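Structures incoming, each one as structure tokens.
Here come two complexes built around chain A, the first alongside chain B, the second alongside chain C.
Let's look at the complex of A and B:
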């Protein structure tokens, strides 16, 4: 693997509009139930700010993907750019990957009897385009980045947020920028 | 996880009982064993193994493509489980051929089938040793699966062979069953104490268990009743009551099914706890 692509999400910019979720659904015409991308709101009491704060999660294309490890049919592969691709044609719907992922991102589609997840729009990336969710994000809260040591050393870049599983489990390829102190004042 | 997963409950418990019978046969066959019992136990084991394999297919979204599950042996315990169970089924066919011959190598065949099945059961258990699920992520998961194998295998053979087994063989199976019940009870107490001090997810699992009526029914059927029912058998070794043996098998079987159903139902995985 020559590099590791991933997402950088800024909770400072995110307004929780779920435009990224809808862009993903529009791009792939997915059924209603599986949500490849999902916007979450942090519990106010778990973050030391009286703010309304969101983060958006799809497959994290982990450096240590548990889904890939447990899949009995080899439906998961990791590309050279670090994207974890799920091949739905190979999937037999055993659901073991849904048990193994702490982010609940591979999701079982009961209508199709198979698991689905975000493939980071690799076909769009191969044509030089941005992933659908990144392209649709109005406030520019979601970015496609290369996960590097330099990125992790930047001020304000976080590996996790309160309410997320410990990154030690899978080493997810997502980074966050939390809200700045005192800027957002709206309460639930 | 979070649901009962009946196909998996049936597959694991029936498969473990089947392999347990084969292993018990192999173990008892050190001393002369009645050919009729061998045949009866082998056929029972085969029927249970067949039912287990069929039940496992109902868990899949696409059962017609189940053969593909053999293609990721390098890292997937599910692939290894299927491989070993298929090999155990083939070894069972070999065993069946051996018991049909006058001088067949039945003990070797039972040993091979049992050993392959044992590998399958350990692989089955290892599927659930997932870092995401604290309630499963320990050596106790394979231990529970192996204890089910030992208990139901021995009790099945005890019931099937109550007429033809020698008192020493019966006593051996009873001591083995008692050992499995006691090991299961004490390891579960240890498991439970670890759950409550482990993590929020472990604590949530413990809460689901203690508030579920199924758990208390399991306490009675899996540990309480077998211990009570085994005692009279130890007192009257020479006059075994088949009704008592059948009751012991059925009650313990119910306990094991409940235990396995709760295994799936009560597991809480590490997850995103933010608001959706």
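Let's look at the complex of A and C:
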């Protein structure tokens, strides 16, 4: 593998609008229920102050993808740029991958009886475009990045957030900029 | 075949985005932002991104329908001709019976803000003097306040906020309601700008600001006055005040004699030291911008609150500053010719158009009570367009009474809303992908054309087309009974809507040039830069004769908001959520399962209620079932429900709402606004699984 592409998400900038979710759904005209990308609110109790902060995750295109490992029919492949691609033609809908993924990102489509997930818009990337979710993000909270040692050394770049599974499981290709808390002058 | 068309999002929203749709063989395929727009920059919120689902929603009504009995749900499909015939015959019969057209009432507002949607007003004007809902449920008090202080209601370009070194977001939550402002604010923060957010609760915007200042609801005006007093005490006043303001001595004397910082601290809930620190920072930082939201003026003292904030901006010398000012909104680009009124002189700097001078004007916020009180002649027929009052208005018990008394009700809409349940005739309307229109924003300076991309879904028709057809039917049955045109071209009509003044603002030689792309009006990016104001004195008016004439105090001053009655001790706030807009939810067809009440855990504990517990909020008007969620940032005297639609079978939040009105609003919008944040409730524990709730409105 020559490199590992992934996402950098800033909880500081993400306002929880779910534009990325919808942009993904628009791009792939997915059915109503599956969410290849999904926005969650951060668990407030994990911080000293109420945060109103969100994070947005899709497939993390893990360095050590469990979906790929457990798939009995070889529907998963990992590209040279690190993107984990799911081949729907091969998928038999056994849902082993949905059980194996600690992030719950392979989505089972009940209507089609198959799994589907984020492919990091590789067809857009191959044409020099940004992934649909990244292109749609209004406050600029979501970026496409190459996961490198330099990135991990940058101040404020986190490998996980409170409430997420330990990255040791799959080594996910996502990094976070956690919430910076301002001063809250509240009344009783 | 693939085709692209340009649109403008018609929702009542700050951002008024420019859209580009793609169709394939006449079917809508995708919607994207238009990158040519320097504010929305080609990006959309999920509301617009779910438009395709809305356009082709299985719940959308595609044919005219007649209901056999109101609220029965016993609908039958009818033809347009049958619908128009029944509408026109009823209009003519009521006119004959009462010898007047005043029994005909129109209640329309912002379901679609396009200029051609004013066809409904123009149709009614063409019939004769009629009964009209006037004013605005939204922003009236603040508009009046700014009109009094500056002489005219306008704001800087939202891009101008980028120049501020200090941004005060006061009662506004752009993260959820004006999302395109967020990158401007974030970029400024990255350049070192300090952002302070004042609000009643910790909003998503407040959480991202350097400081969140929690203010007791309805006391923001006092907080502004107290900070003004600090500016005066600490010699932080703009030395140029004598040159461009009127009455500042009187105002300073008022601050000196009437305002005590310590007392203000007790009332507002913001400590005196914090008030002083904030005032110093605001007085010493240039440029400093205040963005005042709509929520803070939805109180019985709302106009005075905004006047106090304007005055604070003036005292510190921030008015007219590049990157400064007190921003609220504007009408500057809403210079439409006025449909049906071919005289351009009648074009108003106000989205309220097409008013006949002999109309019977009823405040939109007290419409049901006022319509019930009309006797000479009574209101007999009501047409609702772009409105869902049985979900969104106050006094729902009176609305119910009105709906039961009326002889004939027409609702034109996309969906069978709560209000449509009262209709005798339902007319299906088009979305902004199916008609021509012209749109301006009340926040940025862009004006643009909306093109049809697809044929109307089903038999739906635009408001303009409906108005033509009603006029045609009226004239067929009784020649001369309606002066509104009976047919025409939507595109030509929209081109005529560009008044000479709007053409000048857009630097256009001919109206047709607007068809190419949306355009930004030629307005100075920072308002009042020359400090020449549109007031009678030409100055910023701390003391206003216009205010006195309208029955308001001459000076910005503080009067307290309403206090809760003992039996309903909690103030209910109902801010917008990012996934809903009034009674519209997103994605369409997904209505949240019941209301969630956000409360302070200690408050819940005092009622013996746990998180997730079913409970009821109630007052003398009604009761609504809720589920509790804890939020540490909410004070113990306030409870919050984020506004969203409810299933028709459930009681809706507005059963709790009484039509308290704001102090101001009559000068610029014709009527006072709705003081909806002056709603008080008690919290009740629900025991047993089945609880009798108040009947549906």
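Criterion: the second predicted complex is superposed on the first by the 181 of 188 C-alpha atoms of A that agree within 3 Å, B and C clash if a C-alpha of one lies under 4 Å from a C-alpha of the other, contacts with A are read in each partner's own complex, and residues count from 1 in each chain.
Here is the rule we go by: a contact is a pair of C-beta atoms (placed from the backbone, for glycine too) under 8 Å apart; a residue touches a chain by one contact, two chains touch by 3 or more.
The structure presented is a predicted model; accordingly, all values stated were derived computationally and were not measured.
Of the two partner chains placed by superposition, A:156 touches none, neither chain B nor chain C.
Of the two partners chain B and chain C, more residues of chain A are touched by B.
Applying the stated contact rule after C-alpha superposition, one finds that A:114 touches chain B and leaves chain C untouched. When the two complexes are overlaid on their common chain A, residue A:19 makes contact with chain C while staying clear of chain B. Within the superposed three-chain model, A:104 lies in touch with chain B and out of touch with chain C [touch as defined at top]. Taken together, the two structures place no residue of chain A in contact with chain B in one case and with chain C in the other. Listing the residues of chain B that touch chain A in their complex gives 1, 59-63, 65-66, 68-72, 75-79, 82, 127-128, 130-133, 269-276. Contact residues on chain C toward chain A in their complex (touch as defined above): 30-31, 43-46, 49-50, 52, 175-176, 179-180, 182-183, 186, 202-216, 269-271, 274, 578-579, 587, 631-633, 635-636.
For chain A in complex with chain B, the residues that touch the partner chain are 38, 40-43, 46, 55, 57, 66, 68-74, 90-96, 99-104, 108, 112-115, 161-166, 169. Contact residues on chain A toward chain C in their complex (touch as defined above): 12-13, 15-19, 21-23, 25-26, 32, 44, 50-53, 136-140, 179, 181-188.
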